[in-house]
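Both complexes below contain subunit A, partnered by subunit B and then by subunit C.
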Partner chain A sequence: MKVVTGVVGNDIHVVANRLIDLSLQARGFEVFNLGVNTYLEEFVDAVIETNADILLISSLNGEAEGWCREVKILKSKYGNLLDDVVFMIGGNLVVGSGTADDIVPRFKNYGFDLVFHQVDLNTGLDALEEFMKERNT
Partner chain B sequence: MSKSINNKLLIDVGSTYFKVCTVHGVQQHFRDFNKDIFDDLTYKCGDIIHNYHKDDVHVCSSANGGLSTLIIGITNSFSLKYATNIAFNSGINIIDTVLYKEIEQTSIPSDLIDVVIVVGGIDSVSSIFDKKLFDYLEKINYSNIVYVGSEKEAPYLKENIENLVTLPNIITNKLHVEEENLKEYLTNLYQADIMGKEDIKHLYDITSNQIYSTPYIVNKTLPLIDSKFKVANPYILIDIGGATTDIHYSKDLVDENMVTENEYDRLVFKKLGVYKSKESLIFAAKNNEFVYELLAHLKVTENIFDESGEKATRILMQLAIFLVLCKVSTYRKAYVNLKLNALNSLVFTGGITKVLKQEEIEDIVSFFYKKILNSAHNPTIVMDNNYDIWTLGMNPEKN
Partner chain C sequence: MSLLQEERNIILNNEYVDNFDFAEVEEFVKNASKNLFISHNFKTKNKMLVQPRGGFPTYNKMFALYEFFVDADVDVLPCTIDSNTRLNDYATAKKMLRLSEENEVDMLNGFPLINHGYRTARKMMTHFDRPISLRHGTPDARLLIETAIASGIFEIEGGPITYLLPYSKNFPLDKAFLYWKYVERVCANYSKLNEPINRESFGPLTATLVPPCITIVIQLLEMLLSLEEGVKSFSVSFSQTGSMNQDIVMGAVIRKMAKYYSNQIGVDDADIHLVYHQWMGAFPMDPNFASQLINMSTVIATMVGADKIITKTNQEAAGIPTKEANAETVANTQYTLRILKGLPNIVDKEEEENLTAEVMAIMEAVFNDSADTLWRKVFNSIKNGTIDVPFSPHIINNNEMITIRDAKKNIRIIKRGKVPIPDRCFEYEKAQCDLTKDTTSIVNDIIHDIGIMQ
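Showing the complex of A and B:
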């Protein structure tokens, strides 16, 4: 399966980005890593150009809150081209305090299928694999 | 002038003037539009030309205005952006882009398109384009079409599009840009276009060297500009001619550059000349919301657009300066937005330097900075009054 990944907005967490890339590859995914400092539109465009199955956005310093509110709008612009793409986000998703109980529904409302706030990388990727398995059966 | 051009004759064929450079300096001649370029040139400068061997005559031309290009791609961030960048770096002028998902709502260009570029997807992707593309292509008038997207899609497109040229994908499997094949194709097409023009073709009777486009030659001279002019980096050079307006800029003025081979890039606005493309210049002016304020500033009314003569030409040239600065400023979200507030020098060349005085140019530049950028910034204006810039490339060891 193809995954487009990268760190959103003005976030320069290269180490986390590299770890996600390596972990995905180790699990057998074909990875298209856009790196750090990536805009939302670039993520979606990369999914279109690669015909990826999954978009995995990461955010470590809370940039996600400001950058990911328009996922639904972008999805609607591309019509049914993105219907089968799984949108996943993980990391430290907001600035300041907040619990997963508040944050997860908020990001799902933004248009993500899978949301992991302050969750261990491997736990998130296990959940992704489980989700894809269930979806494909 | 250095010894290096002692034995060389340089000729620049423009849409309005041609310029001839010998060791004795640059001569300019207004074109006689009742004659073809070759006859006109040999009538006026035959005595000079006959003193030179064909190997020593070097000709460049912008008289044809370059190639019109339309790019159809599937995303803004990759296919359209990459193909646009490659086209600009190949010296291609007009760039209209169509985002494929909006192709049914996109207006049909009425002009003849010299080359259509279709691009999208990495090599493992298929089923990108469908009948929508063929319906659109049927409605437009084009001379060449090239496909540079996913290799899996190529057979389907080849089957359905007549005379389609397919080249390797410009998007690598890592989503990076691969420019060489498309760049070479477009450069060759540009050359073929220059050589294909009947007028230009005859110029090969006097030179055995390749005829290049003038913007290409001017761009090559920019690293040598210090040898003749007091120019401080970063700077832009604006060449306002009869058919086109070209901007050459140092890369310090842009944030993003995918191709870093050259120190300077260029943009060529095919429809912003003051003679051959005067009508489209006026059209562009009328569509700019500041233009009436500018006309008032110049103490004229819009009736000037219907007039001809020296005054009208001066106003058109001032408009061309204003419009081209608008086109590359943050006022318009374009392919390139230059950091104009960081400019130290603004160099002018082309026919404009023969018509406008330095203070008239300074006035327009200052108006632009105040109105569009809300800034009191005033870069130094440098005038190439004698068309020296296009000759510098021949004199790398110039004193």
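Showing the complex of A and C:
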């Protein structure tokens, strides 16, 4: 399965991004890593270009809150091209503090299928694999 | 008029710079107190120089910070520049400076030197009669360096590689080389008037599992690019790796190699210094543990025989430290240095020999590039992956190299990518690690290994 991944906004924190890349590869995914400092439009363009199954956005410094509100609007511009693509986001998703109870539904409402706020990398990827398995059966 | 002078005139003719008087600045540098030059302090002060970090937007807060540092017996004052200035966005820096001055809130994460102007800044920079170190992270630092020297700052940190690969995603690397070439030449020219202006490279890079051979190669290359332009005082640096033994080996090899390669390009009259950074990675939340880590860094710096140490504070995990915390860490580091006398001399021949072979193999590959000048050779070597910095966000970086810690906490290369590590050395590195694990376990190890606190 193909995954496009990267860090959203002007965030330059690259460590987690590299680890996500390595972990996905170790789990057998084909990874297209756009790296840090990537805008929403770039992500969607890459998903279409590579015909990816999954878009995995990460965010460390809280910029996700500002950038990802527009996911739904962006999706609607592409008609049904993105219908089968799984949108996943993880990291520190807001500036300041917040609880997962509050943040997860908010980001699902922005247009994400899977949302992980301050969750261990392996837990997130296990959940992704589980989600893909259920979806494909 | 020389080409360089023509370029200087263009750069200094900027709406955010007050009328720049070259003759007056030359006269100022010529007659400046020798104490302001770190190169002079290296020669005359028979101790490891202690330098904290720090920078505030307004003149008054910056002055107060310096007063605190002087009370704590600082050897070198820092001048950390705000991030808007680093990106040459002087308009935003100006607006944020005004907001900081009008309300009692800091709107900038450093001192906007260009907006203050050299005539104002010089009053502060010369007042304490101690050397000041310019810390920034600017790919195009031409205007900043002119302003700094005119203000009385005679120690300039950075370089085309070390201020780019860890800090930027796509600023053009070839441009960074040319802009820094300008900086080196300006520093070299001013160095003829009084004591030399010191240039310092930034060894910590991404501060995340960077193997010693990569750090050393980049330090040597920035040193050579600087010496080529006529700089006569240069500091190579590195940060605590997490293994005491590896730090000591690294210190020995970097000293030896710096001398060897400066002689190779026919420079034998430049002073080369060694700077050690206290732990640059993620800090423990517990301030007591953080203090222990900082203290241990000071012990290692002494064993390494560093000429200068750059300090951290026990508030590091919580955000930007207060001036009180910064002053406290200076006083504590000075105290530790005073009581650390007569430490045993550790030499690890096997590790030194291995590291030296790695460094020399990479340097040879860089020199063998077919380009005509050193900066183009280095540029090509980064582009083609001969030099690869783990965890660099820059698009030009190859990102194939993978490193982990061995059982003794040494950083080891387990995937060399296109970096020409000799087979014998690579086998040695891998032999220190447990590589029977599956990739997922190795990734988990890397997550764990990024810190040294656990």
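Descriptive notes on the structure:
What we mean here is this: the second predicted complex is superposed on the first by the 137 of 137 C-alpha atoms of A that agree within 3 Å, B and C clash if a C-alpha of one lies under 4 Å from a C-alpha of the other, contacts with A are read in each partner's own complex, and residues count from 1 in each chain.
Please note the rule applied: contacts are C-beta pairs under 8 Å (C-beta built on N, C-alpha and C of every residue); 3 or more make two chains touch, one makes a residue touch a chain.
Just so we're clear, the structure is a prediction, and the values are computed from it rather than from any experiment.
After superposition onto subunit A, partners subunit B and subunit C are found to sit side by side with no clash. By the touch criterion defined above, A:73 lies against neither subunit B nor subunit C after alignment on the C-alpha atoms of chain A.
Aligning the two complexes via chain A yields an angle of 70° at the C-alpha centre of subunit A, spanning the centres of subunit B and subunit C, rounded to a multiple of 10.
Judged by the touch definition given at the top, the superposed model places A:36 against subunit C, while subunit B stays out of reach. Touch criterion met: A:25 reaches subunit C, while subunit B stays clear of it. In the superposition on chain A, no contact is made by A:100 with either subunit B or subunit C.
Taking every C-alpha of subunit B against every C-alpha of subunit C after the fit on chain A, the minimum distance is 6 Å. Across the superposed pair, subunit B and subunit C touch subunit A at no common residue.
Those residues of subunit A whose C-beta lies close enough to touch subunit C in the complex are 12-15, 18-19, 22-23, 25-27, 35-37, 121-122. Those residues of subunit B that touch subunit A in the shared complex are 74-79, 101, 120-122, 124-125, 171, 174-175. Residues 167-170, 206, 208, 390-393, 395, 399, 402, 438-440, 442-444, 446-447, 450 of subunit C are the ones touching subunit A in the complex. Within the complex formed with subunit B, the subunit A residues making contact are 32, 34, 39, 41-42, 44-46, 48-51, 77-79, 81.
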